[in-house]
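Each structure below appears as structure tokens.
Note that subunit A is present in both complexes that follow, paired respectively with subunit B and with subunit C.
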Partner chain A sequence: MNDALLEVNRLSVGYKVEDGWLSAVHDVSFAIRKGEFFALVGESGCGKSTIASTIMRLSLDHNERLEGEVRFEGHDLIRATEPEMEAIRGSGIGMIFQNPLDSLNPVYTVGWQIDEALRAGGMDARSARKRTVELMEAVQIPDAARRANAFPHELSGGMRQRVMIAMMLSRSPRLLIADEPTTALDVTVEAQILEIMKDMRDRTGASVLMITHNFGIVAETADHVGIMYAGELVECGSVYEIFARPSHPYSFALLNALPRRRKRDGRIQTIEGTVPRILGESRGCRFANRCPRAMDCCRTEAPPRRELGADHWMRCHLEVNA
Partner chain B sequence: MGRYCIKKLLQGLLMIFTVSVLVFLMLHMMPGDPVDLMMDRKVDASKKEAMRVQYGFDKPLPEQYFNWLGGILHGDFGTSIRMRQPVSKLFQARIPVTLELCGIAMLLELVIAVPLGLLSAYKKDSLFDRIVMSLSLFFAAIPSFWTAVMLILIFGVTLKWLPISGFGSPSNYVLPIAAMVMGWTASSIRMTKTEVLDVLREKYVLTAYAKGLPHRSVMVRHVLRNALILVTVVVFMSIPWLIGGAVIIENIFVIPGMGSLLTQAILNQDFAVVQACVLLIAVLTVICNLMSDIITAILDPRIRASMGGGE
Partner chain C sequence: MSVVIHTQDLTKRFQIAPGLFRRSARYVNAVDRVSLDIREGEIVGLIGESGSGKTTLARVLLGLTPATEGVAQVNGRDIVSVRRAELRKMREDVAVVFQDPAANLNPRQTVESSIIRPLVIRGMKKAEARRKAAEALEKVKLDASYLRAYPHQLSGGQQQRIAIARAMVLDPRIMILDEPTSALDISVQAQVLNLLLDLQEEYHLTYLVITHDINVIRYIADRIAVMYMGRLVEIGAADDVLEHPIHPYTINLEQFVPALDPNRRSDKRRSALTEEKTLASQRPDACILCESCPYAVDRCAHARPELTEYTPGHFAACNRRVNEDDSSK
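Moving on, here comes the complex of A and B:
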């Protein structure tokens, strides 16, 4: 894994709640290579956004507990000081958020907000504005020079997300984290935004960590996929492997729940039950109570990691059929 | 933006007009005849009648009202029947005193409340925050007249550090301003904190951090800047209340400002003075509202846009 840009090793995130520690992320490990498009997939509340904000160390919650390490170009971000993180944010790692409608400050023009990012990197005001317009043109904002003087509320959601992308790419980060960047947008706009992101990756060589619950987006963009369930990474592999051979019962069920794979009666296949809330230490497999193939040992023993091929593994008690 | 201001101004004028009618009517509904108050009971009835005519009390109420209003438009607020002086002259001496008192109080309030509120929000649940919050709850709950009396008792009577009444040297300012500021500052701190906490939860704060801004820039340019929109509104809206508070404080500390003038006038049924004072407070309230609307519009482009004026 010498070409890994980001390595997440045995990361656990817990939040202190009234009745104990809520385990949001548990023992998650994965790596993103340079130039790779990595998708983290899972249902709402499975901890994928927590991983994103933990990498950026953006949690303002003082009641959290972090374990494990997040190595970005060799530096452990979990143990980084705030000034060190300030140096990494923006220039090393950029991040796009779910809802472009409230991720821009309503009282400043969008151009000013991109300028601000550039100026934080030491650029003077005049060259910053010139670069801002170039960046806005690069994300296909028409009439960029004029739009730079628009306030966020004067732009559509798709335009605002383009502004966010332009802003986050302004200092050429090596990694771009996109936390459900298109969830709040129309499907047609979604396609454009994804196209822009892929294009950016190809041109700049930056890696992308895409967080989504949408397998359509995964199929369109990702090279590598990690599937999360209740705070754990249950299966990880290349996008071809995952779609061709989903092996963990949860991955299998999740892919079966896609609307295009219907049962004969036209109903959408669902997974029974809901994602559990894990308090304190949990034994066994977190999916056991919903798993159609659960065995006795699933409830008592943590599932082992099983290699399924080059770069494809899962955490499950089931034997791998060779 | 221009049209918006004119609309607000017209609304304000309507408000002032309504207040003036109400004040006028209420005073005339009160029991007691002002002429009786001015003169001894033994004075001849015909002389009283002449007095009534001289001050215009014999005319029908609407006419009295419009005469009064017309006078004001020419800068004539009427004549105090007690002090036998034009009200405008009384105002000239009294308004600066109250303005000075309230101005200093407001400035102090801002200078103390905004930083403390910001710090409390940022260091939420810390020891600092807890101390500030408990103290501010304590002070916000105490009425200013009680604070004033306690301050007099402690610093004036027991310790004898500061004068307890009058108005002349800077040391006279300390206790009344302290009494006014305490309660207001306490509630402003809490309000600033709440607003800053709200802004801290906004996604654009995360964006600001994510683009690599240092902590201080995020706090000043994104958090404080946006929190100030509401804080400004509340501060401007609090000015009329501050002046209302000054009425009590001026009386306790025997300060010759508008507040003491108003209370005296009410006790003496000095119609012209009461009317003018209340009208002045109404005008002030309207101006403060207008100012806060305009400032909000300047600070928040979304409001500017919804006003229809565009850029």
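Moving on, here comes the complex of A and C:
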């Protein structure tokens, strides 16, 4: 794929725990094109946030084992040195998190903190402030010049997340990673933040990697969707394909567990059992113990990749037309 | 059907700024003259954004927070002027489950001691209480072996089941569920919602479900009440409120709910009526939306609209009837 901005190839991440190596991410491959809105979706503990922080190389922990490659504009970030990563973080790849208060410094005004990002890029103080106010206006912060002098605690949750987006935009990154950016916000504020992110993608041509557990957000924003289960990417396809034709038994069950009907139309489906904790090498399909269609081979052999259509595939032993 | 929860002009006022003299103190009405009837055996969904007063209303109904003014009756018992001893009796009829499953349970007690505590307090013998606890666990479809577990050994979904089991142990008639599934994953949320629906049908319970998730409410509720800035702005049958909302706030809120379907994605730019307001901007003699509402008429700025019945059972507090055609936008 020539127009891929980010390519994740056979990425595995293991964490050392008391009783061995915990396999948090296993053999995950996907690509994000230029200007694409890609959503990585899954339930808690499925490894989606681990992938985000591995792309940014945020973990400095030595109890970590990385395999595979993460290629950003052709450079392998897994093998990049720390100074190389410093150059990529911010201007190449920007990231926002669920709780903006964890990312903002409480003792400086928000304007000062955006200025700082701009000055780090070599701008003088006066032009930095001018640009800061422009950026704050771009993310629809009303009365931006005055709000720039506010401290983080003086702003609402939605305004703080806008400040984070403005700060991220200040370095004009080509890839934005958003890890559950609206989970703590009300629906009206959430919709506005998502609108700002889509708008930003349209204007700057940057790609977005959205990490979320919320299928509403996926349906509203994503071009492409990857569904993760227990550290593995089980299905990947366009948002329309995934919602219309979820094919992996887990994706199928998950989409049918969404409350999309009224109780008089019957109960929504549930997925029995729990997510396994995988230590060391895993054999077979990780969903096999909960899968209603599991066969003998599912417990012993890694599921093959099955093509389901243009850009739509799953990892499953089931025959595609079965 | 008999009314099991009845409130009339129920108000809870909090002081937000201290004053040296009474006059300079500032107050907000977290619950502002709310009148609501909940009938036996129905599921009422209460929706609203953070700060709308929905949790404060629940706390008043549970007797955890004293009301400032108005009437609140649970099973015909007045809880505004109730004495402590009577409050305890009332709590046998009304159970509660909170959002955070871990916060519902004492981390240093086994599941069993958490469940039997309300029974033992009421003077039940330990052996009898234990039997009831095992029964309660069966009701929430958990194995009796979980009785000896501690909360940290359980998953979020299991913890929430235990919290429901404990709520069920006193055989309540009414359950108040405050964001019961917000902290849970989708597959676990589905299990807990189905469990709640099964219990409600089997024991003919009455639920007041508080949530910000309209998709959850659409699935389970018979009627929907909408709160904004302390006031009840609309209430009616779930279909009416969802398909034909009357109040501009409800119309606005429903526009923002993600559709769970990419084919119904809203690509048009939307603007909220409510730019993260705080209760401090409440005005007692005006509509809470009077400054931002596109349908506002002159009287909105100096007359507080009262709940009015528009179609049978469907009430809204709006000074101007919004055209049916506008509600589909």
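Assume the second predicted complex is superposed on the first by the 312 of 322 C-alpha atoms of A that agree within 3 Å, B and C clash if a C-alpha of one lies under 4 Å from a C-alpha of the other, contacts with A are read in each partner's own complex, and residues count from 1 in each chain.
We take it that contacts are C-beta pairs under 8 Å (C-beta built on N, C-alpha and C of every residue); 3 or more make two chains touch, one makes a residue touch a chain.
Note that the structure is a prediction, hence the values are computed from the model and not measured.
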*Would subunit B and subunit C fit next to each other on subunit A once aligned, or clash?*
fit
*Taking the superposition as given, does A:151 touch the first partner, subunit B, the second, subunit C, both, or neither?*
first
*Regarding the shared-chain residue A:91, is it in contact with subunit B (first), subunit C (second), both, or neither?*
first
*asked:* After the superposition on A, what does A:217 contact: first (subunit B), second (subunit C), both or neither?
replied: second
*Which holds for A:142: it touches subunit B only (first), subunit C only (second), both, or neither?*
second
*Measure off the angle at the C-alpha centre of subunit A toward the C-alpha centres of subunit B and subunit C in the combined model, and quote it in steps of 10°.*
80
*So, does A:274 touch the first partner subunit B, the second partner subunit C, both, or neither?*
second
*In the overlay, answer first, second, both or neither for which of subunit B and subunit C A:191 touches.*
second
*asked:* Looking at A:168, would you say it contacts subunit B, subunit C, both, or neither? Reply first, second, both or neither.
replied: first
*May I ask you to decide whether A:302 touches subunit B, subunit C, both, or neither, giving the answer as first, second, both or neither?*
neither
_Is A:82 touching anything from subunit B or subunit C once the two structures are fitted on A? First, second, both or neither._
first
*Look at the superposition and give the distance in whole angstrom between the closest pair of CA atoms, one from subunit B and one from subunit C.*
10
*Please give the residue numbers of subunit A that touch subunit B in the complex, ascending.*
53, 56, 58, 60, 62, 82-83, 86-91, 94-95, 97, 99, 102-107, 113, 116-117, 120-121, 151, 153-154, 164, 167-168, 170-171
*Inside the complex, what are the residues of subunit A that reach subunit C?*
43-44, 142, 156, 158-159, 186-192, 195, 213-220, 222, 239-240, 243, 253-254, 257-263, 267-271, 274
_Residues of subunit C touching subunit A in the complex_ = 49-50, 155, 185-191, 193-194, 197, 212, 214-216, 218-220, 238, 252-253, 256-266, 269-270, 272, 274-276
_subunit B to subunit A touching residues, read off their complex_ = 125, 200, 202-204, 206-215, 217, 221-222, 225-226, 229, 299-302, 305
